[in-house]
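Lettered A, B, C and D in written order, each chain numbered from 1.
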Amino acid sequence: MTWKEKVHEVIYEADTKAGKVFDVALFIIIVASLVLVILDSVEHISLEYHTLFVTLEWIITIFFTIEYILRVISIKKPKNYIFSFYGIVDFLSTIPLYVSLIFASSGALLSLRALRLLRVFRVFKLVRYTGAGSSVAVALRKSIPKILIFLYSVVIISFIAGTVMYIVEGPENGYTSIPTGIYWAIVTLTTVGFGDIHPVTPLGQFIATIIMLLGYGVIAVPTGIVTAEMTKENTRKNTQVCSNCGEADHRDSAEFCHNCGDSLHKEQEKEIKNED
Amino acid sequence: MTWKEKVHEVIYEADTKAGKVFDVALFIIIVASLVLVILDSVEHISLEYHTLFVTLEWIITIFFTIEYILRVISIKKPKNYIFSFYGIVDFLSTIPLYVSLIFASSGALLSLRALRLLRVFRVFKLVRYTGAGSSVAVALRKSIPKILIFLYSVVIISFIAGTVMYIVEGPENGYTSIPTGIYWAIVTLTTVGFGDIHPVTPLGQFIATIIMLLGYGVIAVPTGIVTAEMTKENTRKNTQVCSNCGEADHRDSAEFCHNCGDSLHKEQEKEIKNED
Amino acid sequence: MTWKEKVHEVIYEADTKAGKVFDVALFIIIVASLVLVILDSVEHISLEYHTLFVTLEWIITIFFTIEYILRVISIKKPKNYIFSFYGIVDFLSTIPLYVSLIFASSGALLSLRALRLLRVFRVFKLVRYTGAGSSVAVALRKSIPKILIFLYSVVIISFIAGTVMYIVEGPENGYTSIPTGIYWAIVTLTTVGFGDIHPVTPLGQFIATIIMLLGYGVIAVPTGIVTAEMTKENTRKNTQVCSNCGEADHRDSAEFCHNCGDSLHKEQEKEIKNED
Amino acid sequence: MTWKEKVHEVIYEADTKAGKVFDVALFIIIVASLVLVILDSVEHISLEYHTLFVTLEWIITIFFTIEYILRVISIKKPKNYIFSFYGIVDFLSTIPLYVSLIFASSGALLSLRALRLLRVFRVFKLVRYTGAGSSVAVALRKSIPKILIFLYSVVIISFIAGTVMYIVEGPENGYTSIPTGIYWAIVTLTTVGFGDIHPVTPLGQFIATIIMLLGYGVIAVPTGIVTAEMTKENTRKNTQVCSNCGEADHRDSAEFCHNCGDSLHKEQEKEIKNED
């Protein structure tokens, strides 16, 4: 086993003890780095601990740089990693400080704030720690096409509701344009209801009432979609496997495989024979 | 094939290449037209690009005019189209500019703003692109009677809640009349909660608390209705019946009956034979 | 058939033509009466049409008085009606105007506003028109014990959340007392979010964040309860009836009655025999 | 039966009449004590009834002290009780007044307000009265791992959404730091929508619109998880297995197997025979 293979085992797999330690250490550093980004955005904290924050940011950046280089070196096909989702995330998590040095020397200090955005991409490094293949994810992925059709309808409803409110209430009551009206309609349909804009005229309040009742019925739809998909997912789990063709997706009451027509109870029958 | 039939194929069907190109082009023009309506409503944009917007609006209107005329000409029974949902939508999407010309000449410039409302009907042209027969739509349509009974109850609850709050809080705390109270009750029951009106007295806050907890339990109902209907819809899809034992409760992917093991495709096989 | 029986048929049953006409007329008068109550609460309308409103209110009151007297006379056991839910509602819908006369003569004009509350009880007269035995109502009634346990937990959570916020934010940020804190907690947990009171300190905002995420998970519970009950209700409907004992609540895949053990397919078997 | 056993029966069990009386009395005192804590926090009430409140608080504290001592004495292994959830709750419910005496004598009057927090723990004494083993609780407990994964995703989304809004809207529109942005994102995603902070710029409103639509789809997930778990729980209850054919999927009320028609109570019948 070469040193590259050893490194690969440590950073890509969590089977060995070294691998697990690396995973936990990485997790802590990511979270620490995110806490740093958050605290850095609070002005009075940022001013007080400026030197400490810069130092810590450099330590974290160097750590991520080493991690990135090791990941590229230790994998057989570096291209697969570099252009994968995690490859891009790791890259974007590393460069902000280097880029800010270049910007600083060229005098474009204003863009430094936008660079903070890039550091936030580090949060995606945490996605590695979620089981991506969980049954929740499966049910969600299957619901996406239906939810998209649904969102399409919501957007159409918002468009009409927003325009109607723009005409009824008008700019004097905060509905300054159709986009503002649509923004209000979505705030209302999703039941968020900030209250920054709200109907003032009796007619506007009446129409808003209808929109809200509509939203009330409509909020049931994505819930219904996901729930139906999840219930399905649940039922699918408890199933017998056909000993002939391997099909596993049978009903609870099935006697024969719906795929090949073979009896599902052969093994049980054998067991009964063996017991005799 | 006459030219009318050719036109019919292009604008009514999406099977041929020309038909698909027409569909995509129409989709882009509708969306562009809606973006135009939206931007036109933002005052400072509207003032700056006035000439451009008028020109584009004329181009779009002429395109919709041609589309409308071709749809009327190329169909066998024009009446069926003209008085159908899409016929009316297409008509209302076309006329605003023409009507505004007449209004402008007669000096009634004030009504021009209301005419913008008619242009918004173009959004309904987008409905053509949603699969109307999707299982979501089916489940929704079946839930409507139950949801109506439910909304009826919500309206009755809102009526009482609104009146009680009007009496308890009174005009001095924003509940200026029973309609305002009902408006507040619906804003609260649907969990939108704008906050433009809210209870101020301790008793009012206590009653609001009970209304909110009620709304909390009540929001479950439309969700329950739609979800139950969707779960049903999911189960219902498997409509093949075994020709041997009559079992009907098969999975979509079933090839053989899970009850007797007989092939589910016998009839299809026969049909294929008969066609030979 | 005596005249009492005829009156009974008209006002208690909707089978005959006269009964249907009475039902529709009553429905219109109730709704008209409610619209009157609503409009009467809007000050500027109330002042303008004062005489008209008083006249209409008298007509409606006299109509309800006649209806109430007829209902009492035409029924065999008047006590059953008078002390039933609808009897009390009908009584309370009739008396406000009479009581206001007495109050007016005794000079207590201030209480007139509270009397309006009684007129609102007329809304309950509309409940007669909703099918009380619908499957939605059944599922809801079965969910009530579970929802009560749930509300009990929500109240306990609100109590703690409200107290914590009262201590953390304090009266200077709007949390003037524990009841106010509890009011805020329920406004937040039910996702209504008026915004009349909201956390201002960073610690308060952090705790609010946790409360909201908790509420996010918790709102799923009543929905889950009602949905599970409704899905159950749905499954229960599509069922075969046992020809031996009359039990109807069988599974779709049942071959024998789970109540008496008799074959469920006897009739089908007979039909098959008859066809031979 | 020693007096210790008698006390144990009264305070730990609700079988005897004395035990039931004790339970009801305790329930009333806990609720009364909580009402006292609540009213005490309302300044003008607290000032007016100061002496009454202090007296009542002493009576309640002495009652809880006696209860606590009796619970410790009457149980066989006091350690099990003292360090159990209810033991700690009972202890924390009793001490605040005693501690406040010590603090008062040492002059640290400022901390008295924080001591009120401890009295709130009495609400947990109410948990004893909820059936902890209800099917709702079971379904919730089983949903926790999935809901945690889900909350993890929500936190990641909030983090990104909050940062983006901080950059787009900036401190001048209320998004003073990333933590504030995250607070706003959670307020929005959970559809609470206080409105204390809200987007002002068109771009901010557009991004907020997308976040709300996302939240709209996302709120379906915990509901789906809990509902699916509850539907499962409902189905799982029917646990009788037919001793003849092994079919397990029976209704609760089933007397005979729906698959083979055999009695489901054979074993019970045998057991009854054996007992004879």
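FYI, a residue touches a chain if its C-beta (ideal position, glycine included) is under 8 Å from a C-beta of that chain, and two chains touch if they have at least 3 such contacts.
All figures in this text were calculated on a predicted structure; none of them were measured in a lab.
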{"item": "Proportion of interface numbers common to subunit A and subunit D (over half same, under half different)", "value": "different"}
{"item": "Result of counting contacting C-beta pairs for A-B and B-D, higher pair", "value": "A-B"}
{"item": "Centroid comparison with subunit A (C-alpha atoms), farthest chain", "value": "C"}
{"item": "Gap in Å, rounded to a whole number, between the CA centres of subunit D and subunit B", "value": "41"}
{"item": "Subunit A-subunit B separation of Cα centroids, rounded to whole Å", "value": "28"}
{"item": "Where subunit A touches two or more other chains, by residue", "value": "179, 182, 191-195, 219, 223-225, 227, 231, 253"}
{"item": "Residues of subunit C defined as touching subunit D within the complex", "value": "146, 149-150, 152-153, 156, 159-160, 163-164, 166-167, 171, 176-179, 182, 188, 191-195, 198, 202, 205-206, 208-209, 212-213, 215-217, 219-221, 223-225, 227-228, 231-232, 249-251, 253-264"}
{"item": "List of subunit C residues in touch with subunit A within their complex", "value": "191-195, 223, 227, 231, 253"}
{"item": "Sites on subunit D touched by subunit C in the complex", "value": "34, 37-38, 41-43, 113-114, 116-117, 120, 123-124, 126-127, 130-131, 134-136, 139-140, 143, 147, 151, 154, 179-180, 182-183, 186-187, 189-196, 219, 222-227, 229-231, 233-234, 249-251, 253-264"}
